[in-house]
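The two complexes that follow have subunit A in common; it is paired with subunit B in the first and with subunit C in the second.
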Partner chain A sequence: MKPHFTGLLAGVAALAASSTFMLPAFAQEQPLVIARNLEINSLDPHRAFCDTCQIYLSATYQGLVKLGPDEKSVVPALATEWTANENQTQFTFKLAPDAVFSDGSPVEAKDVKWTFERLKNVKGDPSFMMAGVQSIETPDDKTVVINMESPNSEFMGILAAPYVGIINSDVAMENGASAGEDAATADQAETWFLANSAGSGPYVLQTYRPDDELRFVRNENFWQDSPPIGEIVIDQVADAVSQAQMLQSGQADIAMQVDPDTASTINSPDIVIETVPSYNFIYVVFSPGAEANQVPLDLEVRQALAYAIDYQGIIDFTVGGEGKMQASPIPNGFPGTEGLPMPEENLEKAKELLASKGLDKGFSIDATVASMNVYGVDLALLMQKVQQDLSRINVTVNIQPVASAVWREQIVKPGIPFSARFYAPDYYGSAQYVQFFGMIPDSWWERNAGGQGKVDVVNQREVELLEKALSSSGEAMEQAYHEIALEMIKDRIIVPVVSPNLVLAYRNDIEGVRYSACCNLPLAEISRK
Partner chain B sequence: MLSYIARRLIAMPFLLLGVITVAFLLTHFTTADPLTSIIGERQMNNPAVVAAARERWGLDRSLPEQYVVYLKNLLSGDFGTSFRTRQPVAQDLLVRLPATLELVIAAMIIGTLFGIALGVIAARFQNRAPDNLARLVALFGSSIPVFWLGLVVLFIFSVQLGWLPGPGRIDSRMPAPPFVTGFYTIDTLLDGNWAAFRSVLAQMILPACVLGWTVTGIVSRMVRASMLDVLSQEYILAARAKGAGELRILLHHALRNAMLPTLTILGFSFAYLITGAILTETIFAWPGIGSYAVAAARGLDHPAIIGVTIVGGMAFLISNLVTDITYALVDPRVKIGARAAQ
Partner chain C sequence: MSEVAGRRHQISLPQWATLPVVVGGFIVMAWIIIGLTVPLWAPYDPTMLAGRRFVPPGAEHWLGTDALGRDVFTRTLYGVRHSLPIAAAVIASAVVIGCTLGAIAGFVGGIVDEAIMRLVDVTLSFPAILLAMAVTAALGPGLANAAIAMIIVWWPIYARLMRAQVLAVREREHVEAAIASGATPSRVLFKHILPLCWSPIIVNATMDFGQVILLAASLSFIGLGAVPPTPEWGQMISDGALHFYRWWIAAGPGIAILTIVLGFNFLGDGLRDYLDPRSP
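Right after this comes the complex of A and B.
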């Protein structure tokens, strides 16, 4: 019996081996495989909001404009030309005459109007991008005029985001989509969008199996240069080590979430490892309005705590030195960040500030963090490093890791005195950071850090400067964001601690792999050598 | 026996109703609001978005109302829509359950065969080198963490030696077979796609061996203990006295009687692995029910949590029934369903 069983195993292993090794001639025609933790919340362009969603949407849909290769300028996509009025309240677009959707039907102004109205009315995660749009006019099939309620110089940046891709409205409506004011409940198309795409992008969705794979095939009706790779699969692989192993064994062509530690173990000449700065960052945050605060977290106390943090030590500890410091909640390289002062560790100053508040003997502070590893940083581990740093000024940090969903509930009510969190850009533009992190009325962090109005943390100067930034352009806009960033640093509510570098790991027969601020990984640019 | 099986089958829906009710109440009594996993952070402060989401997902209704609606939908096979995957839970389960079953069945076959073989050898050579070796294997099987073992075998057999493929159910460059049973081994054969069938088999070897090794450890220890007990019985001595061969004594006379307690363990192991293969599924990127359950729990995905609980409950109920029936088949002394002698 035993010899038979051994023989069976040997046979199966032989079969396995024969399927593992592929002849080189076939390699060029093989689908490109990307190993990645999918974590997709939806494939409906107006409900999707995740890193993989950015890759998916930018491959299957096209916006009016897109982010240029310099990662800063806006270049034509479906719109060939556009104008904005002087005070940034009206934007006019001319659509490309030959632009067609993947079913071959022309992209028309009605599709743009319908798409933007659905994005706003469906009240999904990216709906905020259409906030402030007052009306959309379509004087002819190829012209779109968008009127804003107030100046918004960042609107072109928003339109380059993958979430603002134009949908084939006729096809979507046939499948239950609605753009009316009651779209939040009337729209029934989300399930359809999980199995179909309806855009004009270089790829179309072939299959999506949650927690398994996302498969694209080339859009045969693509109206611009056809993408080099015919079929792309994003394979669900949650673990960084498994991703690296798939890459080394040739089972994957690109591994997207290999952390620096794992990358250092890859010694194959067939693998290219590139480490590039990212726009993602991890920050710690103080909430003066949280119910559990044992001492008032006023400005001097927050400054003292920020001075006690060993920023370089955190970068070394969390990502093995593969990261950058970040001055303000607006990430390095975004408008207004040039020349900002980097965070400084100064224990003497920290002790001095605490002494001035009568807290030289220290105090305790509760730190609840989500149990998650994001961009290679384990938030609980990061907080342990901060715990060590703050112990030097007699501050005891009580760390409590919780599930992410629990964190998100607690941060709203009753509030969390001290925490760590992460952020990645939704599009290229600085206003999103001011609107989320700034101490302006009703921003996410103004409400949560202030305990839903319990403590006044509003910085009126930021409100004025944001208004100025949104109604100006060029250098004036840059200057306004620079001043806002300085104000946000002074607030000491949000303290960025590390901007982790991104590891791009891919096989050496692949080229065109790059990180994009808007789209994460532009699939249509990838080719085989 | 038939009336016993019928009684057990009739009792099942009532037991399941209890499981559903407890699962429903437990998930809804957690302190965290599931909306936090449905809506993004930025929109949680937007009352219009929050209200729209509550209405869309039926979270604006009272708990009893939600429970009645859930039961009503369940009767028509509707397990609700997953908050996380945004797909019907029934559809999610239909895809994931065969994936896990396929892996677990392969693991059980490997684990049981090796476990029995090791147990028999260990008992036959008690306190000698083969016994010590078998016990060592059993010890490793039950003490080495699956996530570590998984990564190590991947590194050795996939990365270093290149003998076997890495994570996944099928080579990523191949499309999945058309869905018929959800078992890729069967569906690729039905599709007549031999290349895909070979790929599926190859993909299954490492995760099935890793998962099966935990079963090997448990089974070999149980078989060894039972065999030692049986081998000391007088009828074994009688068989030897009659000149029966050693192999015949071991496999025919001893093993059959030693299998009874092992069957209980196998039954529980099978049900446990269906929902407990999470680590193996994660390391080998196997889209099964275990990883689905954990993701559901993390994401406060109530419909998915209840759906998995129903599947888990059914797995235990069915495996218990099958174990009891197998008891009777293996050992004629066992009369299930018969009333105790007066």
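Right after this comes the complex of A and C.
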């Protein structure tokens, strides 16, 4: 027995010694587990539109440019240099000569042209980003010239959005993708994209199992510095408490949606909790065109309802005070938002406005919300707070929590009179908010709030101001966005209620975890100590 | 005097009033009284702000407050106003539908019996919670829809029970005598068979009250029953699960469900001992 025991000890000691030397490399090869509510609508870069999609797309695809570390400027990605003509209608890009896709084939100008045309023509949720692109020329394999219908000072910002990552066109076309004008119906690649990525990013998609996990592995052909972690898994964990428990037990390395209340209950020396301001926000939205409206949701009624909301109370009750108010659908800190009037709670005004419409006895309004927790805010809980607030002016809110996928269907048809939703920026620039939230023809919310054309909610002034903002720069641009923000506040279709601080919760052997304004969580920057 | 006093000492409780029945009956009666009178004396409004959020249990809020600062004790008491009526409606409907079909199946027999019992088999082959979830998901969330789902889940139990009773009773001599003396089929069924079939139905219905309350709470817990801000116990436990470390949010409704289900089980057990002494 004795010799065996000694041998065993020696073996263990040798193993311990060798593992000490191997530890850093070994640690990086251990899969990194992120606990998060996946809530993915698609993995097709041109149909996807969700917060997890931002993480996924920025890890597997690369745009021509990307958002710089200052979260405002753009820096080179696939394009090494670019120029714009004086009136911002023509942009010329030179592609990196050594850039390759994950299959090893070179990134060429034709891929850029094909990608942008598909994004425009497939008419998915992020297609608005290509609005105004008139033509794309490819004078040679590494040069792309993009011509705009009208000036667009924000186009470079748009190109840093994760949805504008360049796709390997040959591979995508082989699998049913189409970029033609009929792409909205002819393109058949969405299912293929659920199992494959075709970009040049630091990671490639290994597997995606809906409501289970999203798994990445390192792109072995990545043409820039290889990412430190070899394999990353985003595990579907719906609620903040379970995410926190996984983090504490070591089952997860990063928890992404821990709310400030839950974070305050974590007392482990192994866990790092950082609370940082974010550009994310939660808003309530009125849809005058929804079929279930019992009274016309015209401007005065919307104003009355907005005046009856206790904004500070919402911040206190939903995120324990860890958030701030937001004036307009353009988040605080973006161009044009300085000095905007913050939302005001004024019950007297609310009652007066309802009385002027003969609604002083109140009315009922249906409020369907997705049962989910975003940025630490439970949307159904938020709606219950709003319900309490509106009961003070005799308005009864009938809350109906549904699955998020059901919400997405219902908001289009038959519409939802009153709801709550969330938004995270795709790049640094204010135009995205006008194009998504503004009452300009064919914006996402113009279509859905207006009941697909049933009620005219278009604000022509916003259309003119957006044109002005896109064709100007510097102070003139800021001023134009400022005026648009004021118009959007006046519309009272989208009413932001809280911009929650973001809780970054991760184990202390992880570094490089940060919030990005375009991409949520840049996976390639994460490593183990 | 001494004779009268002696007689008083001889008065014993009725035969049905066993300890489980008394305890169960007391708990159930207490909840019924709470349900009927709570709006008159509840300390707070169950859906409105009553104080700061997440206040732990104390003198002001006996069971603390939840994420929206609502008083958990008040909401727990109000919860019975949703759970008991829904349980009563589900049991009553299931008994009416199930017993009618079961009696027809047992009494008529033949193809009618086959058809009804196969339908019963199919319905019972689904796990109760799964079938209820499917029906509620199709109809949409809400207590009324959850009730419909539970009726669909529950009626076959009573159909099977009633059919078995009818089959057993119709073989008895008094039924044969009634048929021989020319009684109409409906008279045979209503006067000679059904009056002897009710005992197990009553026992079962009493026991099922607790089960229906549990299923309703389960449906609300997974978001298919009561909609917010209804103070329904399952819904409240679901809220508590979101704030796991504030144990008191789920404790109130949890204790409420425990006591009421226990009450109905005691009551059902005691009634079975009295009405159906052959059962184990």
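Quick notes on this structure:
Simple rule for what comes next: the second predicted complex is superposed on the first by the 353 of 529 C-alpha atoms of A that agree within 3 Å, B and C clash if a C-alpha of one lies under 4 Å from a C-alpha of the other, contacts with A are read in each partner's own complex, and residues count from 1 in each chain.
Assume a contact is a pair of C-beta atoms (placed from the backbone, for glycine too) under 8 Å apart; a residue touches a chain by one contact, two chains touch by 3 or more.
These numbers were taken from a predicted model, which means no experiment stands behind them.
Look at A:Glu190: by the touch rule set out above, it reaches subunit B but stays clear of subunit C.
In the superposition on chain A, A:Val495 contacts neither subunit B nor subunit C. By the touch criterion stated above, A:Asp239 is placed in contact with subunit B and with subunit C alike. Applying the stated contact rule after C-alpha superposition, one finds that A:Leu486 touches neither subunit B nor subunit C. Of the two partners, subunit B and subunit C, it is B that touches more residues of subunit A.
In the superposition on chain A, A:Ser42 makes contact with subunit B only, while subunit C stays out of contact range.
Note: residues 239, 241, 245 of subunit A belong to the subunit B contact set and to the subunit C contact set alike, using the contact criterion stated above. In the complex of the two chains, the subunit A residues touching subunit B come out as 2, 5, 12-13, 15-21, 30-31, 33, 41-42, 44, 47, 49, 123-125, 127-128, 184-185, 190-191, 194, 207, 209-213, 215, 233, 235-239, 241-242, 245-246, 248-249, 251-252, 403-406, 408-409, 412, 436, 442, 444, 447. Of all residues in subunit C, those touching subunit A in their complex are 47-49, 53-54, 67-69, 140-141, 223, 227-229, 239, 241-245.
Those residues of subunit B whose C-beta lies close enough to touch subunit A in the complex are 31-34, 36-37, 39-46, 48-49, 52-53, 55-56, 84-88, 92, 95, 113, 117, 151, 154-155, 158-159, 162-169, 171-173, 175-176, 195, 198-199, 201-202, 205, 282-285, 287, 291-292, 295, 298-300. Contact residues on subunit A toward subunit C in their complex (touch as defined above): 239-241, 245, 261-262, 265, 316-317, 320, 371, 373, 378, 380-381, 383-385, 387-388, 391, 398-402.
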